[in-house]
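Okay, so chain A shows up in both of these, paired with chain B first and chain C after.
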Partner chain A sequence: MSKTSYRFQKSQRTLMQQMFEAPAIGKMSPMAKILAYTLLGVWSFFVLFPIYWVVITSFKDMTTVNQGPFYIPFIDFQPTLEAWRSQFNEDPFCTVSAIGRQLWLLVYNSAVFVVSPVVALNPMEPQICKIYLAFTNSFVISIFSTGLCVLVGSMAAYALARIKYAPRFGNIMVFVLLLIIVIFATTYVGAPWWASSSVGLALFFFLLRALRGYFKMSLKNGDILFWIISQRILPPIVVVIPIYVMFQAVGMLDTHFALILLYAVANMPIVVWLMYDFFTNLPIELEESAQLDGATRLRIFWEIVLPLTRPGLAATTLLTLVLCWNEYLFAVFLATVKVQTMPIMVAAKNTGEKGILWWEMCAIIVVMIIPVIIMAILLTRFISKGVLMGAVKG
Partner chain B sequence: MTLYTTSRQPTVISAGVTLRNRLGEWVDRHSGTFFIAPCATLILIFAIFPTIYSIFFAVSRVRFTGDGLKFRYVGLRNFSKQFFGSSEVHFLGRTDPVSIFGYTIFVIIVVALLVWLWRSQKYTTWVGMIGRTISAAMAIFLSWILCASFLSGNAIGTLYTTLFYVIIGCTFQFVIGTGLAFLCSQPISGKNFFRVVFFIPLMITPLGVGYAMRMVADVTKGPFEPLLGFLGLSDWIWSVDAWSARFVMMVGDSWQWIPFIFICMLAALENVPGDHVEAAQVDGASSPQIFREIIWPQVLPVAATVLLIRMIEAFKIVDLPNIMTGGGPGTATESMTLQSMYIWRANDMGSSAAIAYLLLILTVVVCASFFNYVVLGQVKKAGA
Partner chain C sequence: MQGFDRQAAVRFENVEKSFGDVKVLRNFDLEVQPGEFVVLLGASGSGKTTALRILSGLEKPSGGQVYIDEENVTDVLPKYRDISMVFQSYALYPHKTVADNISFPLKVRGMVKSDMDAATLSAAKQVQIEDLLARYPRELSGGQRQRVALARAIIRQPSVFLMDEPLSNLDAKLRGHMRAQLKHMQKSMGITTIYVTHDQIEAMTLAHRVAILEKGVLQQLATPAEIYNNPANLFVAQFIGSPPMNVVHGSLNEGQFITNGVAIQTSVTGQAEKAIMGVRPEDCSIAASAEGTLSGEIFTNELIGDHALVTVDWGDDQISVKAPKDFAGEQGDTVGIIIHRDSLFVFDESNGQRMR
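Our next item is the complex of A and B:
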């Protein structure tokens, strides 16, 4: 009997062998197990400790923060709700009904904005305390921009995955040129955006007719996909100053609409990238049979493809939601007073005459990160099923 | 007369086909356009157009006046200011006395790059040669700055602070993230718990991470104050020294981004077929051997892609230095994005746009080089 097979007989192993060698194929030796658990435990502590520290600091007051570190509530120090009270109770408008009123205000004011060329109505003034205002803003902006981003992005991803689409180079050039003219007309000359864009669209179709057949070169789906995904490389600081000027020109600085659009565009590459992967992995037979039955593309997309990719869609939506919720740089440039989001509000707490009131700030941070942690836990369920990983492999 | 009748036929409209049907059919025929156009238009308006518009800012002196912005053309002065003028020390670092050591390293790097460029002539097209020349030029410039500032014992500027966060930070995060993923891919219980816990920091608002780290790293009231006292470091303040401040910043950034590497590498490691590993174990291969010969080659393409994505995001770092040190001490922890933001606050939009543009060029060249020479190579090797 050779030495190796001898070693695998359990009863005849020495103590050292029992400690350091795996008992069977696909198992770990006890020492390796101890080492692995120690390392993982240390890392869990490193991950969880800052979060724990933020949470307990929100239950401290001025003395317990300033007189050296205290670690465990009820043993080291007496927790108070002072920080939470000063955030939520001092203002008379800190009630749940204030949030409802704020949501109604947003609907009403956007309606006022839409009818403003025809009927002049007065927009409502917000009556809500700061933290609820920031929370509502963050909530509304995240939801709407995620919806927009996932809808537009997945439509584009579907077309890129399935439809042989070869736009002529000339058509694209005409489109881009007209777009630049429209933007200049809107921001510089001051034409109303609906007029300039409709004139531009009409001109586009006219030129399309006129130039038909002049340009032979066309783009492939892969080129467009690469172009969209590579937009993620663009550092946001490059575009934020011109965008600030553009929004200022059309008078949309400090509005929800501006942030919704921007966040949607910033996350578009990720959505297109992930959704493209889900769509290419679907079996094509279903769509083909639907097409034979005479369904239009839009109907195939809406009624067959989207329901089939539901897990992928949900995971992408969650990820986009989190990214929108966390966005800081665009908000710090474009949102000053009315649409303060949660990160901006936290950053604004940085300055004060008495220095930073850490306990109050921690209370806001806790409010800010609770939704994100819930979404993270939901997202891990998708990831452990391997939903999001296809894109990375490709 | 004949020409008229053959070339112009009246349009055929069959009975019962309404305008609505024809419109629907037309829309369906061009569905590719209608599906892609919204996405492409949004990106054109909010990403491409501002990028072009930004050039006008970068070559002008911009002032806010009562009736809008006033541009005054100044040529490339905003850029040359960063390299030779008043902002040189801020952006590039102090490059004045170059030591012998710095010169030696620089010459070695340049020779190595030129040899690489010369030898790659044999197997690439002329397009590839242009790309390689750009990469090599950027590498020579960056290595000159490195040799003249850091290797000669001078202070580094925001350019190398950003690159420090990108290169050293990403390496650090990649090593630890892959190590954790490897541990979690072993047959242990409680895997799902670790997966959830390790994933959480990635999702937390970077701003919140900044404040949490600032509190935890506080040397007088923070939780590690007794530990520092025990080690005899109670007078030590990390935020005064440039390198320790940068290091703390990198640790904070790693706290947030290691989960990303961890979660992607874990998926890749779990995708390695178990029977390959078990067959090697039966044949008596040791664990390092198995890792090196069987697991590592299979996860390498994913690793390269993950590293690329991480690098792209790392170039944009702004929240953490902004919150934790405000760019201090001096400008030691300022990344290029943060520098641009501060200059914007000081109402010098031209220089701000110029720095943003330099960041864009740097990001694109570094990421494209990495993509072409590392990621594509690995993906091709895996596919072959």
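Our next item is the complex of A and C:
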């Protein structure tokens, strides 16, 4: 670089620029380097220390936890495997054959789920190593609900990004009104649900034709998108009782399917919102070109659009997965015994009589963290830039 | 290279298109013969790309009908129109290799793999990229991407071939090369082609017929020679030709164009209070000041290379003349300009129409 180059002349750059805008990668001054790495180090410490704390606490027992803060194993305190033993060894069902049977159930249930979600799933047996049960429950529920949610959500987002909708506001109101009447008729008048709902649906289509052109105000894609996102504004605690009653009514309490469905619905707004942004940023020529080449919408979506939004898809999947994995509120209501998930296991260590069993809680948390880390490492490979390179122009 | 067996005719009938209140295409009529190469030429915003997109089906016309081979395709989905298109941005699928990009149109039609590979290779050979098949678009140069887009468009032998400014992202040298290649390819395959550009040289060199659009209205549809020699109106006259045609304001009286105190004899009959005379720089020549049709002082003399462009002040107007490259006139010299009567165009100033 020549001497007159503005960016490299230190004297011509403000203090803020000198500190925060390195002239080029690897061109920072030694002082700036030390400062930068110190700040990064401090930040890493803040992020990593809680994990360290959880790991060492899982190797403590009641005395070493209660006697004060000890941080360095073998020097401050003598590590013990007691917490781990109580979770695995001392559980009479934590044998190879029991876990094998559970594993078989897991595979069987997955296969059944893929074939038909309403065919009976074999319930996971409660007489099994508690932590294994919770882990597999969490695993199955998270994977399936994330898959369902990302699939349906990204399709919805794509539709919103590329197809112009204009439903009449009045028609929606008519639908809601008929829905209320149907519910009323079923609950209070005692009409069979199939009769009332088909009459209601028929009436709706009749009115739709009769009132064609009567309503003027229509919703745009932006309104629909906002409506979807607004479903997430409501705190879940508000709706958890109605949801409980609903699943009780259809007899789906304490099933995997209930949680899978519920998580998929609860996370749908986030998926739609995130993916909508990725889809609208795709150059539309690619899709137009594919359209002229003779591809159907579905094919364009699968073969052109989804591969190109892979970074966004990976990020969204990871986020949804973590949200499902950590979910507590719905699980505590809907998963009482058989489909208990990991967060409930963790919370159960806050016992009434013995206080909080920190060491056992931490052991469970360590087990819970590991798959998330693995998943993050697997998915970050896809969260890279430059997928669109070479698509349009040079 | 074998010819295409399906050459379709294309017809626009009274096609209109407006986006909101903006009318981008008005009363657009165009008939393209089977195997013909038609260029839609116009400045940006003239509606040429919109016309192309309406034919492709990506845009719906607000009014009028579009026919391909006597079949009304106005409401037919793009994929059923048997059209392929090269986009200005090439629109290659970045996650597919060159081979997969080229064969995509066949793949969606469910062709067998072996047939597909053979067709891909032959299409790639036609545009000379058969050694790039395993690469990804990001590993290609602009010209190579252009060729991939071309190969993808020709592989399934469409009945109509559309191109939306396909050369405008290339550098000047490559553009000239690709232009020649395109012309050769179109001629040897004989495929009906509609090509959109804002570059008059591309239009003049490639087209069998050129359609000039301005503000959504078709100004003239004719062969390049006809457009150059016989412009229908002032817009076409000024749009075609480089350097652009000289225009001089004046009036027309009994075949004499009167301006700046000079009466010039024209071959036009008629009267007009306000008229415009147009003459191309290459149709004028420099003479001694007494011999010319008119005379004026040299405003500037620019040497272009094979000729010199001399701009001469004439009253309120200026006239540019293509002079021999050894012309040595200096700024301020008085020279005469000879204008041939037959190369002189007269336009009515009120509507811009050519007077004959």
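FYI, the second predicted complex is superposed on the first by the 237 of 394 C-alpha atoms of A that agree within 3 Å, B and C clash if a C-alpha of one lies under 4 Å from a C-alpha of the other, contacts with A are read in each partner's own complex, and residues count from 1 in each chain.
Please note the rule applied: a residue touches a chain if its C-beta (ideal position, glycine included) is under 8 Å from a C-beta of that chain, and two chains touch if they have at least 3 such contacts.
A quick note: this is a predicted structure, and the numbers were derived from the prediction, not measured.
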Q | Touched partner set for A:I233, first chain B, second chain C, both or neither | A | first
(Q) Output check: A:M275 vs chain B and chain C. Expected answer is one of first, second, both, neither. What do you get? (A) neither
(Q) Going by the contact rule set out at the top, does A:T296 touch chain B (first), chain C (second), both, or neither? (A) both
Q.
According to the stated criteria, A:C324 is in contact with first (chain B), second (chain C), both, or neither; which is it?
A. neither
Q: Could you tell me if A:L261 is touching chain B, chain C, both of them or neither one (first, second, both, neither)?
A: first
Q: Could you figure out whether chain B or chain C reaches more residues of chain A?
A: B
Q.
Per the definitions at the top, what is the overlap between the chain A residues touching chain B and those touching chain C?
A. 296, 386, 389, 392-393
Q | Contacting residues of chain B [partner chain A, same complex] | A | 24, 27-28, 31-33, 35-36, 38-54, 57, 68-69, 179-180, 183-184, 186-188, 192, 194-209, 211-213, 215-216, 220-223, 225-226, 255, 259, 263-264, 267-268, 271, 274, 278, 281-282, 284, 301-302, 305-306, 309, 312, 315-316, 318-319, 323, 336-337, 340-341, 344, 349, 352-353, 356-357, 359-360, 363-364, 367
Q: Within their complex, state which residues of chain A touch chain C.
A: 283, 285-286, 288-296, 299, 304, 307-308, 386-394
Q: Over in the complex, which chain C residues touch chain A? Could you list them?
A: 56-58, 78-79, 81, 83-85, 87, 89-95, 104-105, 108-109, 136-142, 145, 152, 156, 169
Q | Interface residues, chain A side, partner chain B - complex | A | 4, 22, 25-28, 32-33, 36-37, 39-40, 43-44, 46-51, 53-54, 57, 65-66, 68-69, 71, 152-153, 155-156, 158-160, 163-165, 167, 176, 179-180, 183, 224, 228, 231-243, 245-246, 249, 261-262, 264-265, 268, 272, 296-298, 301, 322, 325-326, 328-329, 332-333, 342-343, 346-347, 350, 358, 361-362, 365, 368-369, 372-373, 375-377, 379-380, 383-384, 386, 389, 392-393
